[in-house]
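Read through the structure below, which is laid out as structure tokens, and then see the notes.
We just call them A, B, C, D and E in the order they show up, numbering each chain from 1.
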Amino acid sequence: MSEHIIELADISVTFNDGQQKVNAVQDVNLQIDTGDIYGIIGYSGAGKSTLVRVINLLQMPTTGRVTVNGQQLQTLAPAALRQARKQVGMIFQHFNLMQSRTVLGNVIYPLLGQKISKRDRQAKALALLKLVGLADYADTYPNKLSGGQKQRVAIARALVTDPQVLISDEATSALDPKTTAAILALLQRLNRELGVTIVLITHEMQVIKSICHHVAVMENGRIVERGPVAQVFTAPKAPITLDFVETSTNVRAAIQRITRTIKLSELAANQELIAFKFIGQATKKGVISQLSQEFKVDVNILFANIDQIDGQNVGDMIAIITGDITGFNAAVARRADQGVHTRLIDEQVVKGLSD
Amino acid sequence: MAALIPNVLQMKSEFIQATLETLYMTAFSAIIAGVLGLGLGVLLVVTQPHGILADQPSYQILDKLTNLLRSVPFIILLAVISPLTSYLVGTTVGTTASLVPLVFGIFPFYARQVQNALLDVDQGIVEAAQSMGSSPLAIIFRVYLKEGLPDLIRVSIVTVISLIGLTTMAGAIGAGGLGDIAISIGYARFENDVTLVAMVIILVLVFVVQIFGDWLVKRVSHD
Amino acid sequence: VGIHELTSYTVQSAQHATITVGSMGSDYDIWQHIAKSQDAKAMGLTIKVKQITDGVQLNKATADGDVDVNAFESWSYYETYNRQNPKEKLAALGTTYLEPMGLYSKKVTSVEAIPDGATIAIADNPSQASRGLLLLQKAGLIKLSANFGALGSLKDIKRNPRHLKFKQIDDTTGPRIIKNVDAVLISNTVALEGHLHVLRDSIYHESFNKSTKANVNILATAAKNKHRASYLKLVKLYHKADIQKYIKQKYYGTKINVNKPLSYFND
Amino acid sequence: MAALIPNVLQMKSEFIQATLETLYMTAFSAIIAGVLGLGLGVLLVVTQPHGILADQPSYQILDKLTNLLRSVPFIILLAVISPLTSYLVGTTVGTTASLVPLVFGIFPFYARQVQNALLDVDQGIVEAAQSMGSSPLAIIFRVYLKEGLPDLIRVSIVTVISLIGLTTMAGAIGAGGLGDIAISIGYARFENDVTLVAMVIILVLVFVVQIFGDWLVKRVSHD
Amino acid sequence: MSEHIIELADISVTFNDGQQKVNAVQDVNLQIDTGDIYGIIGYSGAGKSTLVRVINLLQMPTTGRVTVNGQQLQTLAPAALRQARKQVGMIFQHFNLMQSRTVLGNVIYPLLGQKISKRDRQAKALALLKLVGLADYADTYPNKLSGGQKQRVAIARALVTDPQVLISDEATSALDPKTTAAILALLQRLNRELGVTIVLITHEMQVIKSICHHVAVMENGRIVERGPVAQVFTAPKAPITLDFVETSTNVRAAIQRITRTIKLSELAANQELIAFKFIGQATKKGVISQLSQEFKVDVNILFANIDQIDGQNVGDMIAIITGDITGFNAAVARRADQGVHTRLIDEQVVKGLSD
């Protein structure tokens, strides 16, 4: 077995309905390691769904080779392809539940035709329904469920065959935070305990941060950036990635909101509104805390979105600094190599944001 | 009573027999044509472009064949397939012999209806099944036929009612039935009461089919 | 085995035979009466009557042996059938009756009164159509081509001095559309069912003579059964006095009894 | 040629006329029955339970009426509605007169098909239209008929082909047409070449309808 | 006109299909002010969608009265009801776009039958498409769009009639952060400039925080808590609200993640891992910053999710404190009235979380 459970080589997908020609995926090369949790992120229409549909050949690529688990899927006979597909569970953006089957029936479906006793099938499906918190709904039909409930059924269904790879196309988009957290924890557990490789499309950075090891950023059908999550977050290279990281951390919205309530003109002479950016501050010592003591400045945090990725602090903070501002700022600038960047928020910045 | 339906009263046993004949023709040809039509309809759906077993040549042949069979007027169908009827049933006249032309008269129609019904099954669900490694056969039985069941029942109702209409023409080969009574006795002899009563019985059959079908649709629908 | 069966069959049929008669319309009624009659029992015949409303199918079924004897067709129809189906030939057993075809109208009371450009409804079934055309020729309304045969059609009209227009219809609808056309040709079976009396209600009708002999109805069977005694008995049975009395009463004498040997047609 | 189709060659003009008659009957009755069937089908959909104008009594009446009309064998329908035919067309025989029974013979069937087709229109979209304050009429025309168009065309194909089959029976009232030639000349006179050629022409018509319909479906579908 | 544009009185909705009886909404009373942005939040299946469908009578309530714009909707004649519905734009969870119309056609749809020239209709629809960033897709059919693109079309469609009320049922669930932010900004602008009242269902706390003025929390068909957003966030009363606030801020996940990389046992004797909770710290002075200077402790922020709601700092922070821990903690405890709460994260807390 190759160490890459999924290998996409030179994949392009072109839709050609009538006159319009859409290059949904262009020249994508992607290797996903066995046991990885690989996030794919990108704006709407970037080609994420199309790309993952190529992984189990639901979407035949226009060009390129798809290798899963060492098998080049395009060369397989239909029966072998079906067998290969069973190793790849898929959770769809639009649920795709069968209306004619109960919740339990939907989860059991992938097991039909396999040599498992009816009792075992039911037990297995029920266990998964319990996992997603829908055990009480086993005998309900999908149309009676709310959107979130439907998605959880779809997740249970994708897991019931113990797939080696699990593809999730915005599986948590329709879920509330609690259910999302529960599902992500579940995915993480499956990954850790059973070694299931997970490919996860999402538009929620939080989801990527929470559980992904690697991430690829897509734009216009291409992967424009990829790597370990921490690296991509801390040192985004492509403009879109930066954009993504910034927008997702809500810094801009926060600055706008803060400058609406706290007028910059009302700040005292020894006060400044400063945006901090932490990218990969590796020490266990707090830089800001140290400096604030050193320069006797007061740091009042108005907004913070700081998190740890692979043991590194990453995130943003907006604070009002009161005291020896000049010295403080100079000291912070000197510590840039420790991953702290600052930016003064003045009228100009505020004006730039509102455009 | 006697004044209202003078002729009918003298024909009680004929009416009973004719009703049984109609039931017999309808039931048996419905079952056989049901299987054939379902098969052909499913084949049309799976072989058509973007179908799960997309196959242009097969689809073209099946599609044309369906139209071909649908183009033949029933009375000519009777004649054209009488060798087959003779081979299968041993005779070309009588109620049982009528089953063969009835089946051929209705199953291509049913196939078309089945095709239209199955086209409405959500492609997303078919795709989900494919992603789970379901074989084409599994997709046909566990997805198409199961998800499409309410629609299939609806088109089956339409078809059975059309079939009841078709049995009224089977008198041409001595199959009897209510239509034959209505036409060759009631209509031809101006015994309007006979026509009326035969029609009412047919109507009752039609209603029973419709009501039973509607009930079934309700039972199997979950939306 | 074959011989044993054959002999036992012959023996049995000598005493008692079961015959399936295929028929339609008024013939069906007549034969149902005959089946129940005393005469049939006396002759040792058990008759089963089957209604088959399509003539072609009925002839085919007779040739195949699904029906033993059929009673519905005229001599001309029978001849046409045999000409077109040399592999499945039928044989005539004997004559039954002549039903005069009539020309009926609700608008005029005589042939002379039929106006110029009138619409005449005529059967779309070829044997009835040719018979109707012959009748119209006899009435002096049209002139047909010299070689007009049993399957002659509207194309064979040589002269049409009154510029008659023809509408081909299913022959059973005749009585129903009588009001919508100037005149309609209706065979007697259909006329009877429509409560039309050919001798009384028609403005012109066939009479029984050499020229109409091809219209005489016959009993027919598969060619190989031509000489089967029990089948031939049906002809005799049909002409029994009691039965004729019934037919005369029921059909007001519009079914003219014809009891002629088959050689009569070849004269 | 002459050896293969001896009788047909002598009947060229009859064939042309019969083809025109069949086209005439099919086209006109399709248009009229189309309007009636569409109307009835739409009424069935909107008045049914949970429909946008849900009305139990109306639905029950319309539903039963549809079945009633569908139960009448065509040949009897000819007779039953002949007073109406006479009133509308002035005569009960001929090609134009046949339009009335043809329309009545096919429109209830079409209504059922329309109903089945429109049932597949996404309820969510209907609901969205309701939320935008669309009137029932607007929902019928701008949602049901527009969203259901591909399915409507599909059932229309099925119906027109059935209608072509039905025209073959209109010979009974002197409507002529290809079916009449096939049956009353080809079949009844044993001129098999006539039957064959008539059938082939019918077949061509059926194929034209199917191909045109399929093309239309493709044109109006966006999925 | 009443000051409440929407008034729901004693609303209950019971679904009664076959034997099962679902009380989707129970005894809900809800008044929404004209010009408000009212958020409705709750876990999946809480009855949110059902409740908002009652507002324009798409869902007839089993009991209760619905008053919109002073009109009691249940008493209206059909034509009047339709007129009233035009005042309420709705964005659906499942888009509900017409497959037979182009993107432009979909947006134009609500204007059909109104006395507007074709040109104006198109212009208006195009302007909205530009607003949602889909002007290039005007002639595309919906099935060619990605999920996010579809949702944006639905939003444009809901806005095209200039409704007084806009109901959005998880309209941004399927959108990436950038598009979400753009849409929310758009909603906010509509609200501010045109006075459109907005009812917004979401499961993203961030959305509520960003633009809502009021929020109602639903559980099992009932509204269990409601009020101004700041109040509900800073002083959640119902357990579910607390749960919601906590889960949505990702504190738990953060603690789990942090305690996986930083072993508690490896901390020095003068170090402690502490979770801070800020609720409504009104001063412009930073409490933590002050105290850290006072007690010379070093505060290394590992996680922070702090934001301002109505000028008050609200949020969570996890930090390693190094130095005079005892004094620092005691001082913080004394400042509880200033809205700072702390909790020591020890082995016991970690164990409790992983259950």
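Here is the rule we use: contacts are C-beta pairs under 8 Å (C-beta built on N, C-alpha and C of every residue); 3 or more make two chains touch, one makes a residue touch a chain.
Model, not experiment: these values are computed from the prediction.
Chemist: Show which chains lie in contact with subunit C and also with subunit D.
Modeler: Joint contacts, listed by label: B.
Chemist: Would you identify the chain whose Cα-based centre sits farthest away from the centre of subunit E?
Modeler: Chain C.
Chemist: Could you put a whole-Å number on the gap between the CA centroids of subunit D and subunit E?
Modeler: Roughly 54 Å separates the two chain centres.
Chemist: Mind checking the centre-to-centre distance between subunit B and subunit E? Centres are C-alpha means, answer in whole Å.
Modeler: 55
Chemist: I'd like the Å distance between the centres of subunit B and subunit C, where a centre is the mean of that chain's Cα atoms.
Modeler: Their C-alpha centroids are separated by 35 Å.
Chemist: Would you give the residues of subunit C that are in contact with at least 2 other chains, written as numbers and ranges?
Modeler: 56, 172, in rising order.
Chemist: Residues of subunit A that touch two or more other chains: which are they?
Modeler: In subunit A, 94, 144 touch at least two other chains.
Chemist: Out of subunit D, which residues touch more than one other chain, so two or more?
Modeler: Answer for subunit D, listing residues that touch two or more other chains: 79, 187.
Chemist: Please list, in label order, each pair of chains that touches.
Modeler: According to the stated criterion, the contacting chain pairs are A-B, A-E, B-C, B-D, C-D, D-E.
Chemist: In the complex, go through subunit A and note every residue touching subunit B.
Modeler: Going by the criterion above, the answer is residues 56, 58, 78-79, 82-86, 88-90, 92, 94, 96-101, 109-110, 112-113, 141-144, 157, 161.
Chemist: Sort out for me which residues of subunit A touch subunit E in the complex.
Modeler: Its residues touching subunit E are 15, 17, 20, 22, 41-45, 49, 93-94, 140, 144-149, 152, 170, 173-181, 203-206, 210, 243-244, 247-248, 250, 252-254, 257-258, 261-262, 283-286, 288-290, 292-293, 296-308, 310-311, 313, 315, 317, 319-320, 322.
Chemist: Which residues of subunit D touch subunit B in their complex?
Modeler: The contact residues of subunit D facing subunit B are 63-64, 67-68, 70-76, 79, 109, 112-113, 116-117, 119-120, 123, 151, 154-155, 158, 161-162, 164-165, 168-169, 179, 182-183, 186-187, 195, 199, 202-203, 205-207, 210.
Chemist: Inside the complex, what are the residues of subunit C that reach subunit B?
Modeler: 22, 24-25, 50-54, 56-58, 60-61, 64, 66-67, 172, 175, 190, 193-195
Chemist: Using the touch rule from the top, collect the residues of subunit B that touch subunit C in their complex.
Modeler: 75, 78-79, 82, 86, 91-94, 97, 171-174, 176, 180, 183-184, 187-190
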